[in-house]
Every structure is written in C-alpha cells, then in structure tokens.
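For reference, the structures are reproduced in the following blocks.
Next, two complexes with subunit A in common: one pairs it with subunit B, the other with subunit C.
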Partner chain A sequence: MRTVLKVVDNSGAKKVMCIQALKGKKGARLGDTIIASVKEAMPNGKVKKGKVVYGVVVRAAMQRGRCDGSEVKFDDNAVVLVDKQGQPIGTRVFGPVPHELRQKKHVKILTLAEHIA
Partner chain B sequence: MVLKTELCRFSGAKIYPGKGIRFVRGDSQVFLFSNSKCKRYFHNRLKPSKLTWTAMYRKQHKKDIAQEAVKKRRRTAKKPYSRSIVGATLEVIQKKRSEKPEVRDAAREAALREIKERIKKTKDEKKAKKAEVAAKQQKTQGKGNLPKGGAPKGPKLGGGGGKR
Partner chain C sequence: MWATLRSRYLHLSAKTLPSSSLTNGSWKLGFSGLNQTFSSSTVERRSNELLSLQEVEKVLSDVRADDVAVVPVGNQCDWADFMVIATGRSQWHVKNIAQALIYKVKQKQKGAKRMVLPSVQGQETGKWIVIDSGRVIVHALDEKARAYYNLENLWTAKPAQKEPVEELTKVFVKVRCINNSKKPAQGSD
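Let's look at the complex of A and B:
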C-alpha cells in the first residue's frame, strides 16, 4: 500500500501507487498482482493519470526465496501493467524479470522481457 | 550430489545450493554473494582486491602460485604425430624422416651443382650471342666505332649462382 512503483512497459504510465495487494496478508511480493493507481503518465499513452489498473510486480528490492534455497533481490521496485485477465497492456518490457513469473503463469511478460534473471 | 556450486562474485568462495544471495542490478547484471558479509561490503562499495581474505586479493598478490606451478609441470611432452598430409603420403614422410644426414647432404650438393652448371650454360650462351651481335655491328658500322654491344654485359650472373 502506498508504495510507488516504476512502470517498465510502454503502456504510457510512468509511476503507479499500490492501493491493494490481491494476495497475501502481509503484502505483495515479487511476482504477485496488485491493484494500483496511476500517479504519473506520459502525455499520449494508453493509460491516463488517475486510472486504477492491475499490475504484476516484476522487480522488488525485497528478497524472495527461490526453490533451491537462494534468494533474489533487485535494485528497484517495478511493475508491468496488465488487464484483469493477466495479459499485459503494453507491448514491450524493459529491464530484467525473474523466473518466478513462469510459475504464476505470466508467460506473456516473460516472452516480452529482454533479460530473465 | 550437488547441483552446481557457484562462485561468489566478491570473495571467490564456493556457494552451495541453498545458500547465497543473488542480486540483479538495474542494468541486468547478476551478482552472486556467498553471505551477507560479501553483500554488505559490495553495497558499501568496498573493493575485494583490497581485502586480504578474498580470492581477488590473493591472486593479485600472487599467493599460492608456487603450488599451481608445480602442478602444471606434470604434463607429458607431446610426441611427434605420424599422419599423412595432402601432398605427402605417410610413406614419403617416413622415408624423408629416416634419411641419413649424409644422404641429405649429397642430394643437396647434387642439386647445387646442377644449378651452377645451368647458370654457366646460360652465361656462355649469352656471351656467344653478344659476341655475334657485336661482330655484325662492327661490320655494318665501320671500323671507327667501338662495338657498343660489348660494353653493357648485363648483371653479373656468376655472383648470384655462387651464393646459392
């Protein structure tokens, strides 16, 4: 809640603020979906400022445990905007994305990504 | 048994599965740390080459190199491999390899002698030709003029043949 995340696709938004984590009592982590409100947007984009959108967290500064026991952490907090069905709104994804998205069935985002960490 | 031990980016230690922290930077570069000590030092921008306990420092200050050098010396010398190549079948190569040095010298001298004789022959021929030309010119031009054909004899062939 109230976390400002960077948007790393070309859907038009630049910064969103989380208003609800869809799963988890303690909050959303890497790979979870959130509901967010667009705080900053590009002038001509698919989403405008003030819109309520869904997003998938692709980078989190908080570490998340992996199946083999190691932990991953990224440099920043980033999100990719999706619609209610889970398909990404934008057509490109910038920066590294984690493996965890495959388990959560966000395969589309993985294919668009330029680097899978 | 073990999946695969990675190496810590900072200290060079082995990271067994289940341990370690993986940090992905904004430019998609992945760093592996064996424990939070290495991670902390990395984030505080300390240089591993300045910390005595890291592998980088040891490599830079050449510790433990004597042991590695001893290990390397154990490799056996390579034997000359007999194989036929394009242009020389195996028999030809083996024959040439087993030739005695005297035979080789004799062959070389014979070749040299041939070349020398060839050159001498060509030199004599050229001399004869020039003499003919000179004689003809003398007859046609008259007695006063010196034979111009005689002076330029061309490059000395004797010196070139001898060196070979």
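Let's look at the complex of A and C:
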C-alpha cells in the first residue's frame, strides 16, 4: 500500500502507487499482481493520471528466494501495467525481468521483455 | 510445470546446442540432431515430448490458422527454443487453436499415469493465448492483437541490440589527474 513503483512499459504511465495487493496478507512480492493508481503519466499515452490499473511486479528491492537456494533482488521497484484479464497494456517491457514470471503464468510479459535475469 | 523447470536447469548446465544446424531452416534435421546429443538425459526428451515443432505445425494447419510464423530464438534467449505465432480469424477461432493444441497433447499422453499439460494463459479472452510447452511456445493472437504487439519485429530484430561490452571495460580504467596547482599532492608529505 502506498508504495510508488516505476512503470517499465510503453503504456504511457511513469509512476503508479499501489493501493491493494491482490494476494497475500503481507503484501505483494515479485511476480504478484497489484491494483495501483497512476500518479504520473506521459502527456499522450494510453493511460492517464488518476486511472486505477492492475499491474504485475517485475522488479522488487526485496529479495525473493529461488528453488535452487539463491536469492534475486533488484535495485528498484518496477511494475508492468496489465488489464483485468492479464493482457499487458503496453507493447514493450524495458529492463531486466526475472524468471519467476514464468511460474506465475506471466509468459506474455516475458515475451515482450528485452532481457531476462 | 516440474518438467519445464527441470528441463530448463538441465539446459543451463549442458549448453551443447548445435545452434548452427537449427538456424539452417530445415527443422527436421535440427530436431534429429537435438535428440542425438541429448540421448543420455531423459528429462530433456520429456520436455520435447510435450509438443514438438512438427506436431505444432501440423495442428495449426489442421485448424486452418492464418499466417503461421516460426521464429528460432534459441540463440537469443535461453528459456525457449522456438516461438510459433499464429493468427486466428475471430476470438472463437483463437480459442479453438488453443483447444486443438491441448487436445493434441492429451492424445499423445493417453494412458499415462499422470498427464503433464502445457500451461495456457489468456484462455478467457480470445485476444492473445500463450501455450507454454517447455522449449516451444505458441502464441495465438487475433489480427488486431498481432498488429498491436508486433512480436516478429521484437524477436527478429533482437540480436542487433547487443550492448557494446568493449567500451564498458575501457570506461573503468583509472586515470591519474595532472596536479597543476601549487599545493603538493597529499601523498608526498
């Protein structure tokens, strides 16, 4: 709640603020879906400021354990905007994205990504 | 899902993919080479058994999908070998393509104790359905979504965008600054 995340796709938004984590009592982690409100947006984009959108967390500063025992953490918190059915609103995703998205059934974001960590 | 995980780790550890034969364009040759090099590891063949490229092409031609494009991405990304992109004429057609592929996998695994099904994403809306079967990933889109997302551009233009690594190593060379002031340097006292 109230975490400001960076938007890393070309949907038009720049910063969103999380208003609800869809699953989990303790908050959303890497690979989870959140409901967010757009706080800052590009002038001509698909989403405007103040719109309530869904997003998938693709980079988190909190480390996430992998099944082989290693942990992965990033330098920033980033999100990719998605619609209610899970379709990405933007067409390209910038920056690295982790492998965890494949297990969380977000292969669409993986195909649009440019680099997979 | 375990099969895809295990196959991915095995692939990471044993990178002896004959990528040159895969990019030659004759898919049958490439696949026979793959089976020969990985004959010792049975898990690798299991992920190939979920859906192979020839079966995908046959099912797509049976369902009459338009504009089937096969992109070999083995040299660009290590989590998939082939991406198959197909267009459906309507949303119902797109859902039908996905159903036909899953039916084909079920037919292949008939009689087995436990069936491993490929994961399907986007099944409720018929706009973009992804079927993830290990090394082969099938995207079924409708025409509007295909023009919007433009996946071929993304995957065929990929190798040209590599980072210039050589310039990065030159950046971190230590440069001694010339002391032009009248005060002596700190270490000389």
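As a convention for this text, the second predicted complex is superposed on the first by the 117 of 117 C-alpha atoms of A that agree within 3 Å, B and C clash if a C-alpha of one lies under 4 Å from a C-alpha of the other, contacts with A are read in each partner's own complex, and residues count from 1 in each chain.
In this text, contacts are C-beta pairs under 8 Å (C-beta built on N, C-alpha and C of every residue); 3 or more make two chains touch, one makes a residue touch a chain.
Given the structure is predicted, the values throughout are model-derived calculations rather than measurements.
Peer 1: Between subunit B and subunit C, whom does A:D68 touch in the aligned arrangement: first, second, both, or neither?
Peer 2: In the superposition, A:D68 touches subunit B and subunit C alike.
Peer 1: When the two structures are overlaid on chain A, which partner does A:Q85 contact: first (subunit B), second (subunit C), both, or neither?
Peer 2: In the superposition, A:Q85 touches subunit C alone.
Peer 1: According to the stated criteria, A:E114 is in contact with first (subunit B), second (subunit C), both, or neither; which is it?
Peer 2: Both partners, subunit B and subunit C.
Peer 1: Determine, under the contact definition given at the top, whether A:P96 touches first (subunit B), second (subunit C), both, or neither.
Peer 2: It touches subunit B, and subunit C stays clear.
Peer 1: Could you look at A:D76 and tell me whether it touches subunit B, subunit C, both or neither (first, second, both, neither)?
Peer 2: A:D76 sits against subunit B, while subunit C stays out of touch.
Peer 1: In the superposed arrangement, which partner chain does A:N44 touch: subunit B (first), subunit C (second), both, or neither?
Peer 2: Neither: A:N44 stays clear of subunit B and subunit C.
Peer 1: Just which bits of subunit A does subunit B share with subunit C as contact spots?
Peer 2: Touching subunit B and subunit C on subunit A: residues 68, 114.
Peer 1: Which stretch or stretches of subunit B touch subunit A in the complex?
Peer 2: That would be residues 3, 15, 17-26, 28, 30 of subunit B.
Peer 1: In the complex, go through subunit C and note every residue touching subunit A.
Peer 2: It comes out as residues 1, 4-5, 9, 77, 79, 83, 119, 121-122, 124-125, 127-128, 130, 132, 137, 139, 148-151, 154-155, 158, 161.
Peer 1: Going by the contact rule at the top, pick out the subunit A residues touching subunit C in the complex.
Peer 2: 67-68, 85-87, 91-92, 99, 102-103, 105-108, 110-112, 114, 116
Peer 1: Spell out the part of subunit A that touches subunit B in their complex, as residue ranges.
Peer 2: 59, 63, 66, 68-76, 95-96, 98, 114-115, 117
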